[in-house]
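Here's the structure we're looking at; comments come further down.
The letters A, B, C, D, E and F name the chains in turn, as written, and every chain counts its residues from 1.
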Amino acid sequence: MKFGVMILEGPYQHQASDSAYNFVESALKKGHEIAGIFLYTDGVENATSFMTPPQDDRHISKRWAELIQKNGIDTIVCIAAGKRRGITEANIIKGARISGLGQLTELGINADRLITFGD
Amino acid sequence: MKFGVMILEGPYQHQASDSAYNFVESALKKGHEIAGIFLYTDGVENATSFMTPPQDDRHISKRWAELIQKNGIDTIVCIAAGKRRGITEANIIKGARISGLGQLTELGINADRLITFGD
Amino acid sequence: MVEENIPDEQSEEDKTKFLFIMKKSPHGSTYPQEGLEVILIMAAYDQTINVLFTDDGVFCLKKGQDTKGIKVKDFSATFKVLEQYGIEHMYVDRQSLEDRGLKESDLLTGVELVDSEEMREFIREQDVILPF
Amino acid sequence: MVEENIPDEQSEEDKTKFLFIMKKSPHGSTYPQEGLEVILIMAAYDQTINVLFTDDGVFCLKKGQDTKGIKVKDFSATFKVLEQYGIEHMYVDRQSLEDRGLKESDLLTGVELVDSEEMREFIREQDVILPF
Amino acid sequence: MLFTVNKSPFITGNLKSCLRYVAKCCPILLYEDGVYGAVAGSTVEPMVKEAMKNVTIYALKEDVNARGLNNLIEGIKLVDYDGFVDLVAEHNVCPWI
Amino acid sequence: MLFTVNKSPFITGNLKSCLRYVAKCCPILLYEDGVYGAVAGSTVEPMVKEAMKNVTIYALKEDVNARGLNNLIEGIKLVDYDGFVDLVAEHNVCPWI
């Protein structure tokens, strides 16, 4: 089955990003396809390549970058939200791209499910 | 009187950053001193120089940069929170500096008041 | 049965049913404003869009919002023009309104007042629910 | 009167009284974990530190937290060692505990159970309150 | 339709308002701080038990364990992330966040 | 001690829990979504009115106006940001956020 995922909160502050990651990982393990991940509002902060958390903590943007590249998951940083929060081509993780809300609409139309993680 | 301010949320997502800004502006207007602004947890995102919001919206990091430079307000990005969220020397606004939680403690000791804006 | 559907109805059937649930108050967080942005973009696609205002989301429709003092844009006027964007239903939860001391005449725009019980089947029929 | 104070007491008077109010649950947001970080740093300064756990903050002290499944560090053990850091009082709101079906024996560490009424004067006497 | 609730019912009204909208056949998944709604002996237990007459309530095991909750209301079904995925495969999702 | 409350009392328990801790002489400032607690004719009005027998409740005018709230509980005092600053100059702050 094809799942779409929207994330509305950034890394570390709320659990939303962790929950989304764990959900996506389980979905892939169970053979589902992730049709796309749309990062909106503070969710765009998950895509910063400038992150350097302590070594004994999870590296949220790095593990997203690895997961989406390994599984070819189309991951979109909302351009307007990214501009407001300083996520640009200069500091976006590999595997993610910047685009607009039309992509969220298409994800809603094309995926069998769309699930939102936020606060 | 000397006020210290702590901000725990980032720009645009919650009202905390706007409220803190309006409070600081009024305090300065009324002749108070801002002994320091400590950006902690998502609050560090207020200090990104990469922000480019739409022209008809407020530019949160730019107006902070202007206010703190004009009034010589010591503004601190918590180093640990900044590392987790990708705020580093490479994308910090002018007038702010990166330091540790000891600075928050000293602000609490030295300021007459410490007020926190968060969610 | 598929054979009995006339083309137009069949095309209606093919549309994705989106429901925006606006639960949050304006200004305290960016959620409703950003939800509104999604609605405006999505309206350009030929899909079915419904909006339900419930809980503190009903405050989004309060008349007389004046945001000059907090120095942010007033986006409430945009809710007023939503009906021109081909939104199928704009529902407002009656109990949320009453709990908050509001009347229908306090609202910016014409809406359909509903009880949550009436919404149960409606929610079940939706394809995609977007919470803001 | 100042003249009557003995030096030690006078020095106590000079200390800033910090009260951390831990109102939020662990894991759902980073607030309590980050509050704990502040307490640990602040303990190195010779000030008065008090902590009040109330509302969902009492869940921070729940025994048996196991965060392996959500892949985050378990910071609850650190609350256990707070008493070694010279915290003056660790208060827990009795009603918050009872509302949540918890007993004192469910908690990771020894605390002082209090009623909110008893805290009113105490809160008033603080110099700096930090909410997490 | 699967309703997902991620807030503590002791602090926010999300679970309560979700229950006003949930139809009899729709399951609810408590996750993140939503799992606090599954705790036995709390002030919200009566509301949750009443709801369970009509709907199935799941709680995410990983979040229950993270919070050290060992005394849950009888009848709450624990699922892990794989079970969460199965529920989403079966139902569209109404995130009551 | 000035207690500041920034959450809507219709969704969160912050105002209610603040009222458990506030001493008779301590004012409360409602700001951001906290100002919804000042609305007349709502389900929280009785709680707010009861509290006002003992404490002074202020609401931040800029936030009241932003939300279009024109019908407030009698006795709630409106202050603007300058008044907010004055309150903080008079009192230490207990942010009940």
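In the analysis below, a residue touches a chain if its C-beta (ideal position, glycine included) is under 8 Å from a C-beta of that chain, and two chains touch if they have at least 3 such contacts.
Predicted model, so just to flag it, every value in this text is computed and none were measured.
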(request) Could you tell me which chains are in contact with chain B and with chain C alike? (result) A, F
(request) Starting at chain A, figure out the least number of steps needed to reach chain F through touching chains. (result) 2
(message) I need the pair from A-C, B-C or B-D whose contacts repeat those of A-D. Over half of the residue-number contact pairs should coincide.
(response) B-C
(message) Using C-alpha centres only, name the chain that sits farthest from chain F.
(response) A
(request) Check the residue numbers that chain E and chain F use where they touch, and answer same if over half are used by both copies, otherwise different. (result) same
(message) Please tell me the distance, in whole Å, between the geometric centres of chain C and chain F computed from their C-alpha atoms.
(response) 29
(request) Round to the nearest whole Å and give the separation of the Cα centres of chain A and chain C. (result) 25
(message) Need the CA-centroid distance for the pair chain C / chain D, whole Å please.
(response) 42
(request) Hunt down the residues of chain F that sit against at least two other chains at once, touch-wise. (result) 6, 10-11, 13, 32-33, 62, 80-81, 92-93, 95, 97
(request) List, in ascending order, every residue of chain B touching at least 2 other chains. (result) 12-13, 15, 19, 22, 41, 57, 80, 114, 116, 118-119
(message) Using the touch definition from the top, which residues of chain D touch two or more other chains?
(response) 27-28, 30, 55, 70, 72, 127-129, 131
(message) Strictly by the criterion at the top, what is the full list of touching chain pairs?
(response) A-B, A-C, A-D, A-E, B-C, B-D, B-F, C-E, C-F, D-E, D-F, E-F
(request) Note which residues of chain C are touching chain B in the complex, please. (result) 27-30, 70-73
(message) Touching residues of chain A toward chain E in the complex: what are they?
(response) 1, 3, 15-16, 19, 22-23, 25-27, 29-30, 32, 113-119
(request) Over in the complex, which chain C residues touch chain A? Could you list them? (result) 16, 18, 30-31, 34, 37-38, 41-42, 44-45, 47, 127-131
(request) Spell out the residues on chain F that touch chain D in their complex, using ranges where they run on. (result) 1, 13, 17, 20-23, 25-26, 92-97
(request) Would you mind writing out the residues of chain E in touch with chain A in their complex? (result) 4, 6, 31-33, 62, 80-82, 84-86, 88-89, 92-93, 95, 97
